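In the two complexes that follow, subunit A is the common piece, with subunit B as its partner first and subunit C second.
For the complex of A and B:
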């Protein structure tokens, strides 16, 4: 080691480690202990109550409704987003090996890329506010206005227990799909064109080409995309907090409640900080369970090309 | 090359010119053009689904309340720019906008400065605890932020970081460090060692070598990470919601959500649409100007 190396290492790391330790590591570490107390945030003392919060959690109906909604999001959002993403990416990509091997995809591919990608850049909360107006229960909203043109009565999208949560899932899918279209088109265009040529000469149908060649060749990317989407789908907080009835209640009647929002309400509206942190630990377990399950399920032979 | 063109005729080439094998390949150009119509049909449908809500929002921003309530389709009677002035000043969207720009600028600068320093040291210096430092930062990526918010709320208050714009930027930076360290460490490892060796021989100190030689070399990596960090912080909703308690410190996402609730009662919809437009259009302008860099940076980041 060079002279003064150690002093450099220490001075360079001091501030970032201090800040990170105090603001990130310490809250994570503390939260496990807080979840074992009945802390209400007002009094400085925290009474240790053992696993009481977790016992209460297991018996809490709203908690299980929230878990269920999170699980639905984790299953539906990645599945639909990946399916639509792969579908549109294939549509954009198809033209590439049809157009004399050198094209950049269907006509207008560049425009599609620009348009599709844009929602991904918008703040989820802003998109939530936008879609609250799109879903407006009267026919002055965009969706009900459009349905009115074909004679369908206005639907109270966000006020009805049956439609509120699917409507919110649709918003997340709306803003996610474009990024994955771009990602998959990039992955597809890194596959050598000769392979598609060969398949075509052998008389493979488009369907076969997609399932037997394209998909296996970009499987790594799809897998990473699925895990990334799933972990983000576990959040749902911003969209539920912005779009659900009465300023983020998770309503109507917990029909859109998710763990993140339930934790937020428990902590910052009911001041039950101990219990809220126990919900946080449950969310961590759900995240880890999802990551483990996804890694097991998606393991598949890697194809080199 | 000529072989290629005969083997793979474009969609416009006559079917006779194609020496395709018989069987499933037959009649492909007929199905091909039908498929082409379908292809564009599907692609255009999604493009419309993306554009229409956004365009509708911008159009609605010019309408009066009465026009908004009467029909979602009618065009505004006039281009009422005053709606934007109303949203910017009366609904305080202007303040939220400036707050967001301040916090994201400061937060990104802090994230990159600290992230690059930690990454450089971890990637280039062998010291006891090197792996531990790296592990400590990277493990932060696996925990959901929700787990931290209750203790963070109290820590930030006691350190006076709560309800302040620089304070929020510091919290953003701390929570973005795992991502920055993870990517930049990998980046610094790819840079050649010979340059820093030469700098040392020429008498450059540790800081001099880092700041004048290595940091400029890491620019492409910093730009990629920077794009992600800016977007992430611009998007942030949870942290400002728990930390910024007074309305004058709200960021855009939070202020707009708040406006949506209050305008819902007050019935001033045109200000809400104008506020939405103010939060969407600048992103669109930046995106269209740096479209290639943004898409390229984000996609290669995800593919690697």
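For the complex of A and C:
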């Protein structure tokens, strides 16, 4: 290392590392300590109970239901959102394929971009209220009314344990797609047009162009989007809390319970902060495992252009 | 083409977002730091009689008073009005009022640090759990208040002017720590106008109930029953009420004391089977289990269903949603058998909206004086005027009463000494949650009454066997 550069590195990193230590590392360390106590969250007193909370965690059925629901969310939400996002972005960007001059967006592409982005601007609370009307289980519900027109019996979307969780996942996907459409269209715009023209001249089909050129060239963006979506999907707290019942029961009968909401109920409804923190630590480990796995699985040769 | 996101460095943004997302997802509890300070608490609240009729609790006139009031369906104007009275009595006192929701989140850090308000209306979803506060000794014994002369009580003590059961419900381990300000009656609501129109009469027995349901369904196409599907605790209430009336108060004791057959006793199982008939005979409004309490109650008020179980806050909660001339009335559920232990009119009546005074409050006697003002006939009338809900004060004239409130008062006087309540739900929240979940499954036909009994009993057994949970029943 050249003389002086060490000092530069140290001074440049000191503030971020200090902030990271105070705002991230220290709370995690404290959380880990709290998870080893029986703290009820209301008084300064707490007793050290060792790994009792973790033993209880392993035996807790609701915990495992929640983990399972989080895992489903992590698998489904990124996959569906990325697929839809890529599809819409491609359509907007190169939907109309011209014989000369490569792809052009479909008519009204600018309008679509804005419309797709709308849901992303709404807060989860607003979306929750909105969708309680969409998912109204009687035949006067928005969705059931539409289904009624084609002769389908009303579905009890949020009241049936079979449909409640998929219905919530659909809301999250609806909410997220628009942002990724924008992200992917702008990534696609940065690919030079001549490459597409060359491919077209060589007789590549649209399908081939997408798989062999577009996707590899924006792979970095897709990868980051996937990880971000995955971490977002591990949360799920807000939507479950708003849509399951007043106060967020995770119902019907834990059919929509996720770790974030279970943690919340344990802490604020049952006043078991020690146990809730143990759930939080489990969620942290799950998040880290997901991020590590996702980075490893999606590693690819980077294509320069 | 324009590129709306190009101006932002999207990688940086995403990276930051991912980091924050992970932090928000896993670490938000860290906001409760492990370090905390304990402040010296207020003086211990031992009974003291000053003999001063204007200030029987001996409130220091210059101490400030801080009140945190749950601002839900009842609003918080009634508390502000009572604070105005306090201000008149103690002009030097500075009064700080906070109306809010989700009080556990608001107050939890303050209880940890010891910087607590002087009086709290601890109600609504997201209220503080009382049991751990009691266990930690963080609440003030309200005996001085109960033994003080009541405001406008003609020489009687506060204790003597309250409705029966109110003091008991705020008592943990023999000490009154909470005072429930409102008094609610639980039962089945129906529209008396609708019933008159069709010539229906409220059924006295469950057999008559089923017959009436069939008639309602056949003659009008209206659903006989609905309930607040996403909060299945509502439909558990009439189930337990019918069991209590059939089997008497022993049923309550068995539930509250976590007996090994509390939930599987004959009256409980018979009541579960009775309710299950509503499912089997398709008497429940389609889609009910997916409705929020607001949706279900609105459908009911719009005539989509004939009966809905609720507490007596319903009239105030629905407000303008109720059509004119609907004339809602409350009644105790029908008798389960021909030889029920309690009369059919016996109803569940209990205090709600618990007020507490923290042990570390700076001005605990000010907090109690505020409650003494709240329990005067004038404050009670004011509360009822604003909310169409009774307070825990006995024998006051609520003056402005609609059909709902009138029927609540009638039901309460018909029930008389047979009025009952149970407490396992307040004491053991895990049991309440699981019993409600099981009842939700029962009322959608997912499980049968036997499985329901097993699930509820297993939850009760789990609480009983768990040494880390403080027990309050008299076992």
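What we mean here is this: the second predicted complex is superposed on the first by the 261 of 305 C-alpha atoms of A that agree within 3 Å, B and C clash if a C-alpha of one lies under 4 Å from a C-alpha of the other, contacts with A are read in each partner's own complex, and residues count from 1 in each chain.
We adopt the following convention: a contact is a pair of C-beta atoms (placed from the backbone, for glycine too) under 8 Å apart; a residue touches a chain by one contact, two chains touch by 3 or more.
Given the structure is predicted, the values throughout are model-derived calculations rather than measurements.
J.: One more residue to check, A:161. First (subunit B), second (subunit C), both or neither?
T.: Touch partner of A:161: subunit C, not subunit B.
J.: Check whether A:91 is in contact with subunit B, with subunit C, with both or with neither, and answer first, second, both or neither.
T.: first
J.: After lining up the shared chain so the two structures overlap, which partner does A:112 touch, if you call subunit B first and subunit C second: first, second, both or neither?
T.: A:112: touches subunit B, not subunit C.
J.: Tell me which of subunit B and subunit C touches more residues of subunit A.
T.: After superposing on chain A, more of subunit A is contacted by B.
J.: Would you check which partner chain A:283 touches, where first means subunit B only, second means subunit C only, and both and neither mean what they say?
T.: both
J.: In the superposed arrangement, which partner chain does A:9 touch: subunit B (first), subunit C (second), both, or neither?
T.: Only subunit B; A:9 stays clear of subunit C.
J.: Looking at the overlay, does A:25 come into contact with subunit B only (first), subunit C only (second), both, or neither?
T.: The answer is first: A:25 touches subunit B but not subunit C.
J.: If you stack the two complexes on chain A, which partner ends up touching A:152: first (subunit B), second (subunit C), both, or neither?
T.: neither
J.: Touching A:132, do we find subunit B (first), subunit C (second), both, or neither?
T.: both
J.: Give one of first, second, both or neither to describe whether A:183 is in contact with subunit B, with subunit C, with both, or with none.
T.: After superposing on A, A:183 lies in contact with both subunit B and subunit C.
J.: Touching subunit B and also subunit C: which subunit A residues?
T.: 24, 26-28, 30-31, 34, 41, 113, 132, 138-139, 141, 182-183, 186, 221, 224-225, 228, 234-235, 237, 247, 260, 263, 267-268, 273, 276-277, 280-281, 283-284, 287, 291
J.: Going by the contact rule set out above, which residues of subunit A touch subunit C in the complex?
T.: By the definition above, subunit A touches subunit C via 24, 26-28, 30-31, 33-34, 38, 40-45, 105, 109-110, 113, 132, 135-139, 141, 154, 156-161, 164, 182-183, 185-186, 189-190, 220-221, 224-225, 227-228, 231-232, 234-235, 237, 244-247, 249, 251-254, 260, 263, 267-271, 273, 276-277, 280-281, 283-284, 287, 291.
J.: Show which residues of subunit A lie in contact with subunit B when the two form their complex.
T.: Per the stated touch rule, the residues are 1-2, 4-6, 8-9, 12-13, 15-17, 19-20, 22-28, 30-31, 34, 41, 84, 87-88, 91-92, 94-95, 97-101, 106-108, 111-119, 121-126, 128-134, 138-142, 145-146, 174, 177-179, 182-183, 186-187, 197, 200-206, 221, 224-225, 228, 234-235, 237-238, 241-242, 247, 259-260, 263-264, 267-268, 273, 276-277, 279-281, 283-284, 287-288, 291.
J.: Given the complex with subunit A, which residues does subunit B contribute to the contact?
T.: 4-5, 7-11, 20-21, 23-25, 32, 35-36, 39-40, 42-43, 46-47, 49-54, 56-57, 60, 68-73, 114-115, 117-118, 120-121, 125-127, 133, 136-137, 140, 142-144, 146-156, 159, 161, 170-171, 173-175, 177-178, 200, 205-207, 210, 231, 234-235, 237-238, 241-242, 252-254, 256-257, 259-261, 269, 272-273, 276, 279-280, 283-284, 287-288, 291, 294-295, 298-299, 302-303
J.: Flag every residue of subunit C that touches subunit A in the complex, lowest number first.
T.: On the subunit C side, the touching residues are 1-6, 10-11, 14-15, 17-18, 21-34, 36-38, 102, 104-105, 108, 111-114, 125-126, 128-129, 131-133, 135-136, 138, 229-232, 285-293, 295, 299, 304, 429-430, 433, 437-438, 440-441, 444, 446, 468.
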